[in-house]
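Quick heads-up: structures coming right below.
What follows is a pair of complexes built around subunit A, which joins subunit B in one and subunit C in the other.
Here is the complex of A and B:
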């Protein structure tokens, strides 16, 4: 999408007027920020820009339009404010590694997008700036942060700081091929994981070449959906204090029996154990899967590339287990590393990117739910079913990690894909359920022991 | 003045403790210093730095503390570690053997005066010239269970009607990765062997023919001994490259399924994912002894051959 084709950027004149007005003085800015929905854009403060361009690492998502809109908007802001910008879109499956290398090499960008787990790891090691000031300003201007989002980024979890500005709530929604399900008389979304696999098996029988459950079981972030399923069966990664690994339990065994039975029934597409981050997207978009759990990127792609599939798709919350329903939300943050010198300039950019005018357009093509209450009625969430589902998730979903404690050890546990690997041990290596669970327990204990 | 100069010159020469040979040696050493310094800065420092942090609990952005062998102890408890060693050895040995046979065979073919030899030499380099990322992505697509070329061919022709998940099952994942790795690497072997073959004097073959040596005898007694040093060096280099290769595994399987294709660089990368630099460094350091043994063994063979 070019500058001129972006609806947001087409409103440049108005925005510039507002920017000019707001940049006039702190009083005007304060007055403006008190009005919900008011544009928060401000010019980069009159500080000397640090040497080199303002490098921004954006999180690449499965929507070219969204990626381009973010890039264009940052560059346009830079151009308007005399700040040289450089936007690099990073595959979010690679962000952790890229950041690790950049921290050690002293080549961190001035700002970057990240998920909660990485923010936890980086804030623990003192790598992120506190952005409480703009967090509060943005929140006050747009009706306040959603409670679930605010709780997820509470400073006590992040070494006492606001580690970033949430810009979109991620989470999984269950996608289903309603056209296939209609043929077998299934009109409602499955309410439990067991019901899901039962319906998937039934649907698969009537649709040769299609697999029931397009869920990743490989060493990628998508496969950590299985952690939520495990928790909904009553299994826990750690105790209530988040200190001791407790994955070995009868509840985890019940979960493993379910997933193993689904595998034995051939419900997972071949390759699910080695899928990369786009595996489930590809499976669904190519018509190979009846159900997938996805953040919304598939819907965005289908809307453009396969309207028929888009129309045939219905959405619902993740199923419940025998013990509870676990549907975690994961706010994504824009953060500023401690290595950034021109912090005020970067904060100005982050405030600019939090404007409803930009996000209102961005959400239409992105895969995020709202983070601010003032965003709830944006067109994206009222007119697009899957995005509406993400909004519901923000309103009704569970806190990140819940019922477990979302701390650094939990993030590390998930970074190691311990639960997907436990499943792989069973379905690939033929290990018994007990052995696989015992091995995961040992791995988990080692990880949690490091964090005391 | 000139008289004085003439008289003093021998005295200077007499008081100098350095002989001409020593002075030349000193000059030589001085000339080598910049290269040596560069080598120390670019090779030795990172090498020993990696070793040193493998004994610490260093995480990204923090210096870490000395923890002795804890990282190696943790590594040895990792269920994937033994499999990683095994996979690395299998991948290096099998792909080296395959590349040796394919590379040598093609080199001997291209060393003949055949029509279109120049074009064939260029074409053979394509897998090597292609970016690894693209090459392995193509192989991944070929292996795909649904829609992949191999499965399409086998099922459409009824040679094997069932879908094979080449990269998704333990029995086929590592062989599939080895095949792709071999395909990507064999041109280097072929071209290196071809260059070596062109250096073998034709008179040797003519004399052997006159003496009644068979084709096999000429290959075994002339060709192989003549290109043996090149073979050894290529084996050494390729083994190191294969043991350190990352993109082939990462693109195709990410070390999975389970740990069926896990190798040292991918295991280290997972350490980086958790920002545990000490552990990641320990993984890298753990493979150094095996590579050193290989280096010394091949070097010994080359020197023995000389």
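Here is the complex of A and C:
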């Protein structure tokens, strides 16, 4: 049939007919689709109910394979044990908002994955169950917990309880473009921050359009890497008790001189002071940065999207400062809220998820370092360079916040991005180093005063 | 000796030299104005269209080209991002969910707010003005302040993780604004028309449906589009209250393309292109209503 003979095409539709037809179609579509949606929601009430299936909020990471493996394993465990399970993968960027709403509404899941900061917040407000018993059992069965991990989740920091079972350690690893560095004869990773900026300057000279240091200086979590750099210069955020802010010091001044010199030398991309959380990733993946510090997601992205870049990348620990090396690790925890009634069932699930048979496979596709000594020789950590880097971080890294005390004031200080803001005042607003440091001190004092 | 003299310009109908020069100057000036106006319009068009073009261009690129070769024109255009969205990430389900939610909110909101606006504009009762202002104040409360109290209500009413829950939630924001906007439209229609209809025997409700609403169609279309777009784009409440993958709306589907600190630019842009299409079609179809005079022809003798 020719087009011209089609009755539909022969009849010219008015705008009103088209609108009416579409509205009718949309209404019919809506009516038809609403019903299954409603039934589906009734059938699987998910998290907004106090009872029902064992709901687990898994932390979504940049690895579909890892996310699917976690979901399948929990569901398989449920099926084997006659427990109805529902796994909801939560984007880790939104965990705080969801948890805030769920705590207030009394709709927390039976168990969930979370980072250390959220665990700290929830445990101090009595929202998490103590899991000391399974923590000890799992540790004893697999060679013991790594010292840095054990220290990070010490009960004295979490209202006297073990707030969760660590399942993977995160932290920053230094990524470097070895192909560019080879051209200037640099084969080893820089050992100090000063060496890092020196090498970055050298590399930048030989590679036009490329910036030496793809490190964020903006108001995002990545920029708090500068806190570690500051501490490695001997600067401290607060005193040994973690009560009084002590950021103003000659050591902090030495750090500021280093970062300011690097900025003046043009080693940072100009947008680094306004980057979002993906700024360093984008800079590295677009080939515009020689060095970045990242948790490993960039490596996974490069592996599939830019194999050439992946091959050209080498990894190392964060550099040391004149005083010490600060490379904080951040264990991720599986925790049980106090609202959970069937605690033993959930603990059984968490124990199951800590089995080496599962984690051995999981680590291969995830972006975590080991938490137990028995995991060190797992294939994931011996065969994948970036995961090997994360293992080294766990073995040699420092506890979160160290040498400062990682308490709620410290967390608040960091979530206000006080150190990145101090740097911005110098490099963007042209403030003197002394003035910027004094301003940060005042800001820090206000924050620490809130927590006594 | 015969002399020939040129006939006066007025007699031949030709403009005189001075006039010609003046006309030429004016034409040149008009031409320059025209060029300036068109140039400005072109500039504005480029400013408006460029982000849309850039979005579409990125959606046709693979990651390496996005990051390494940020050219205006894709060098190796591909539909892979669209394929990934539709085949692997269930984006059509997200679109279906958004259509359900946004169209339900629009229809219900228009219905309820028409009655509410009619009541405020045409009836006389105590605290009428106060109620009108209160409705607007309800709309002005930021959603980010309300999400925790709302989550308690949603949990108690068992409305969480459902599309109808989301519809009800969105209505609480759309009805006040729609009522306020429609009040303005209704107020500008002369009440004499309804009174005339009632003299002719229709009821108050008949006057609303047969006189006021047909005359306010442009207003209803504008409010409908505004409501639809707001519901289509809403993220915060969908993020908090929807947990099941198959109930995610379009903004939520796009949000889940950002995992940690990694942004999947190709699929995100492809998703943005697909998400923009229904709203663009809607605007295209309703543009006449939007610009039509509200009461044009209503008082013809």
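Note that the second predicted complex is superposed on the first by the 382 of 452 C-alpha atoms of A that agree within 3 Å, B and C clash if a C-alpha of one lies under 4 Å from a C-alpha of the other, contacts with A are read in each partner's own complex, and residues count from 1 in each chain.
One rule holds in what follows: contacts are C-beta pairs under 8 Å (C-beta built on N, C-alpha and C of every residue); 3 or more make two chains touch, one makes a residue touch a chain.
Owing to the predicted nature of the structure, the values given are computational and were not obtained by experimental measurement.
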Partner chain(s) touched by A:316 [first = subunit B, second = subunit C, both, neither]: neither
First (subunit B), second (subunit C), both or neither touched by A:305: second
Partner chain(s) touched by A:442 [first = subunit B, second = subunit C, both, neither]: first
Partner chain(s) touched by A:101 [first = subunit B, second = subunit C, both, neither]: both
Touch count on subunit A, higher of subunit B and subunit C: C
First (subunit B), second (subunit C), both or neither touched by A:297: second
First, second, both or neither for A:286, with subunit B first and subunit C second: both
First, second, both or neither for A:127, with subunit B first and subunit C second: first
Subunit B versus subunit C as contact partner of A:202, first or second or both or neither: neither
First, second, both or neither for A:178, with subunit B first and subunit C second: neither
Doubly contacted subunit A residues - partners subunit C and subunit B: 97, 100-101, 104, 286
Contact set on subunit A toward subunit B in their complex: 96-97, 99-101, 103-104, 121-122, 125-127, 209, 218-220, 269-274, 276, 286, 288, 412, 415-416, 421, 424-425, 428-429, 439, 442-443, 446, 450
Subunit A-facing residues of subunit B, complex: 57, 59-62, 74, 77-79, 144-147, 163, 165, 167-170, 173, 252-258, 260, 269-270, 272-277
Complex contacts: residues of subunit A adjacent to subunit C: 15, 18-19, 22, 26-27, 29-30, 33-34, 37-38, 40-42, 44-49, 60-62, 88-94, 97-98, 100-102, 104-107, 222, 277-278, 280-282, 285-287, 294-295, 297-298, 300-301, 305-306
Partner subunit A, residues of subunit C touching it in the complex: 62-64, 67-68, 70, 96-97, 99-100, 103-104, 107, 147-149, 151-152, 154-156, 158-165, 239-241, 243-247, 255-256, 258-263, 285-286, 288
